[in-house]
Amino acid sequence: MKLAEIAGKLGGRLEGDGNLEIAGLASLAEATAGDISFLANPRYTSAVAETRASAVLLADAWTGECPCAALYVESPDRAFAEVALMLSPPPVSFASGVHPTAVIAADARLGADVTVGPHVVIQPGAVIGDRTVLVAGCYVGHQAIIGSDCRLYAHVSVRERCVLGSRVIIHDGAVIGSDGFGYTPDKHGVWQKVMQLGIVEIGDDVEIGANVTIDRARFGKTRIGNGVKIDNLVQVAHNVQIGEHSVMASQVGISGSTRIGRHVQLGGQAGLAGHLHVGDGAVVGAQAGVTKDVPGNCFVSGYPAMDHRKATRIHAHLMRLPELKERVRELEAQVAALRSEVGA
Amino acid sequence: MKLAEIAGKLGGRLEGDGNLEIAGLASLAEATAGDISFLANPRYTSAVAETRASAVLLADAWTGECPCAALYVESPDRAFAEVALMLSPPPVSFASGVHPTAVIAADARLGADVTVGPHVVIQPGAVIGDRTVLVAGCYVGHQAIIGSDCRLYAHVSVRERCVLGSRVIIHDGAVIGSDGFGYTPDKHGVWQKVMQLGIVEIGDDVEIGANVTIDRARFGKTRIGNGVKIDNLVQVAHNVQIGEHSVMASQVGISGSTRIGRHVQLGGQAGLAGHLHVGDGAVVGAQAGVTKDVPGNCFVSGYPAMDHRKATRIHAHLMRLPELKERVRELEAQVAALRSEVGA
Amino acid sequence: MKLAEIAGKLGGRLEGDGNLEIAGLASLAEATAGDISFLANPRYTSAVAETRASAVLLADAWTGECPCAALYVESPDRAFAEVALMLSPPPVSFASGVHPTAVIAADARLGADVTVGPHVVIQPGAVIGDRTVLVAGCYVGHQAIIGSDCRLYAHVSVRERCVLGSRVIIHDGAVIGSDGFGYTPDKHGVWQKVMQLGIVEIGDDVEIGANVTIDRARFGKTRIGNGVKIDNLVQVAHNVQIGEHSVMASQVGISGSTRIGRHVQLGGQAGLAGHLHVGDGAVVGAQAGVTKDVPGNCFVSGYPAMDHRKATRIHAHLMRLPELKERVRELEAQVAALRSEVGA
């Protein structure tokens, strides 16, 4: 696409050759000829002079030099996202209809304009909402209910009686409604299975990453609120409750019956013990190990997780521990000298 | 179900209206009209007065007030599990027989009353025991052997020559028998694959969670003992041996050739280095990093993992490190004063 | 196989009965009658005398006693791997050709001698290279390109437009090209999806473990270099770049836009924050939490990750913290005594 055409669509001010052909996007450091780049973070200012990009998106207020064509816009970050859309192939589309290899129970109910891809299995009593797309090889268990405008990618499993809202996106291989991990030991220490009789209930506008696992409740519901976003390989145990618009990064693990508030953020690989409560707006750092309740709107980190400022302070002391030991050794020498001095 | 009917089945003493219709179960805090709840943990005693449940299961010895119908039983916890079964829909059943879309090698052998669901693939030489259920889309590799009364949920993969005992449950997406992670670098640092010639052997009464991965041995067997329970997203590397009736929570990772004893418990996200031995009855805390052998019947935690009491003690000292530093500073001032006093 | 035949194939010197029938391989401690074992690590020397193996592979230079037949070779380790191959069943083979249950778009292009197993789905515009094997139930998205001599095990998902090199092995359930985890909050804290327009590009000779997830780039490419080996359940976020011949153990998580150099090694469960750079030849310890750039050829560990020698030193100080506190207490007593002595 010609640079002038991009400038026209963005409504930005162009300095440079509008006939340049732009084929790709890249960061300032990685761009080569034919790429357009952008400067949004002042930290990268010095990278502008060295970029090999053909053009750079700059803020209107930018006054520095630019070694290539420059396109001045209000928000280089947002403009970059718009250019990405211009240069990208259109998103993949799936023709609606039921593929002949899909296996659909006679009493399952399918809404209007549903797409059921190859090798999908829909068990008796299941319900699929309007315009929902089951890409390929998905499994929808007995009496499961999936809302409208959802998209389930390949090999997603939604087990019996689980309920999904509308506009839910689930990536490949995620499992919704596997049995919770519940056993009681008999007198020989042999584990007896506790039946997991509940379901998973997922709200609207939820996105769930690849190979995520969300267990059904022992009884009642494991609940994922509206607008929640869950990254790949996250584990959500039985009876966990997650409030609206909370997000959790990859490989987080949440133990049974823990309740997460609204607008909570959990960093990657964080682990939460069971039966805890995390308050609204709380932030849990990556790899944190949460062993007790977390109040709302606070930031905890470390193992066991504590207030982040405290964790940082303790860590700074820990790093200076060798020095502290030296000071104690010096004191010991001085005190010994004093003691012999005063004849103690 | 009427409360009187529940009372009759449990054999408990009812105080309140037996005609109440009970439709659900919930904790004291979450219950609403139509729910039955229970008090098992004295910690929640105060929640009884505030519950909105229609009925509560209480211990025979309970003497407090109850704002709703009360059902007195020997064990409220056990009674609650029984009521859960009464109120839950029956478990999902799968009609036995082979679905026409399943692809089964001519020389595979199927036992009596086997269920082979849609899109299952069974490779040459595989053997499936009596009454075993392959729900849908499962893959059973060449010469793999699966015992009787097993259930494999959707998209489970059991690779070539692996062997499962009887009454094994495997949840959706788990992979049994992928290649172990073995390479040797050549002189250029290029990794050459070491053939993984062994198998995975799983005992009886094992349950394996969703998206778990268990690698085949380099040679010989990766072995999972009878009665072992493995939660979702756990990694078991090649040649690991797990003793009978051990349990491991979600996202645990066990490195190659490590041997876990019997009745061992591994907390969530714990990681174990390779070639270690964990003794019978040991407990490893959540997120622990185990870098050396763990004796039997001991409890280790932290990184690197150590005796839990020691870890707790060290942690307490760490938390008081700022205070210790203050004490050193104060000593320095006092010693300096003393030294000038005595003319040192 | 007779021991004499093994000796002949290895070209080793045999002491003992060449007619012994060898059926299995095992470590010195675990071997029983009919097994052959080996001594490669001097640490296990004492295990030779106690082994119940029928034969042991020993180094030419070995001068100790051996309670059973002995086969002297240059490298017992390498010889053992060769014997493992002799005694193992041949690797599983898949007849080339397209299974009738596979669903292949009319305009997909398949190379020569391709194997497309049961229930595989290949979407429009996809390209599969010569001799590549798609075992069963794999999903290949629109316009995805897979090179020659690849093997994708059951239920692997390669999403739209992703590109794989040649001789790539992907184990069961891995997902290549799921959407990156990208959202921006609106003024109500509601997360709006950022379109993930890029792809995943994988080089030659890469091996990817079971249930691994690799996200497509926001735009541009998530890139996995030639010869990279990735263990089970690893997470690679959008726009990550991994240099040639790097390896990462199970359950590693790499956050968005982080660049990993060549010949890097990441230990199990290590987590890396986003937008970092890890230099060539660096080693990251198991469970490390990497929060800033790692220089080339250095070894970091701990949380937050630091130079491993420093981490070890700090840890040693930490373990002696109770003792340090005692020394401070003793100093306080002595200083108090001195102060009363000198009348301070």
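Letters are used for the chains, namely A, B and C, taken in the order the chains are written, and counting of residues starts over at 1 for each.
As a working rule, contacts are C-beta pairs under 8 Å (C-beta built on N, C-alpha and C of every residue); 3 or more make two chains touch, one makes a residue touch a chain.
In this text, all values refer to a predicted model and were calculated from it rather than measured experimentally.
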| item | value |
| --- | --- |
| Numbering shared by both copies at the chain C-chain B contact, with half separating same from different | different |
| Copies chain A and chain B - rotation angle from C-alpha fit, nearest 5 degrees | 120 |
| Between chain C and chain B, distance of the C-alpha-averaged centres to the nearest whole Å | 24 |
| Residue list for chain B, restricted to those that touch at least two other chains | 101, 119, 137, 155, 173, 211, 233, 251, 269, 303, 318, 321, 324, 328, 331, 335, 338, 342 |
| Residue ranges of chain C in contact with chain A within the complex | 101, 103, 119, 121, 123, 137, 139, 141-143, 155, 157, 159-161, 173, 175, 178-179, 181, 183, 189-191, 193-195, 197, 211, 213, 215, 218-220, 233, 235, 237, 251, 253, 255, 269, 271, 273, 289, 303-304, 313-314, 317-318, 320-321, 324, 327-328, 331, 334-335, 337-338, 341-342 |
| List of chain C residues in touch with chain B within their complex | 24-26, 30, 81, 84-85, 88-89, 91-92, 99, 101, 117-119, 135-137, 153-155, 169, 171-173, 207, 209-211, 227, 229, 231-233, 245, 247, 249-251, 263, 268-269, 286-287, 302-303, 315, 318-319, 321-322, 324-325, 328, 331-332, 335, 338-339, 342, 344 |
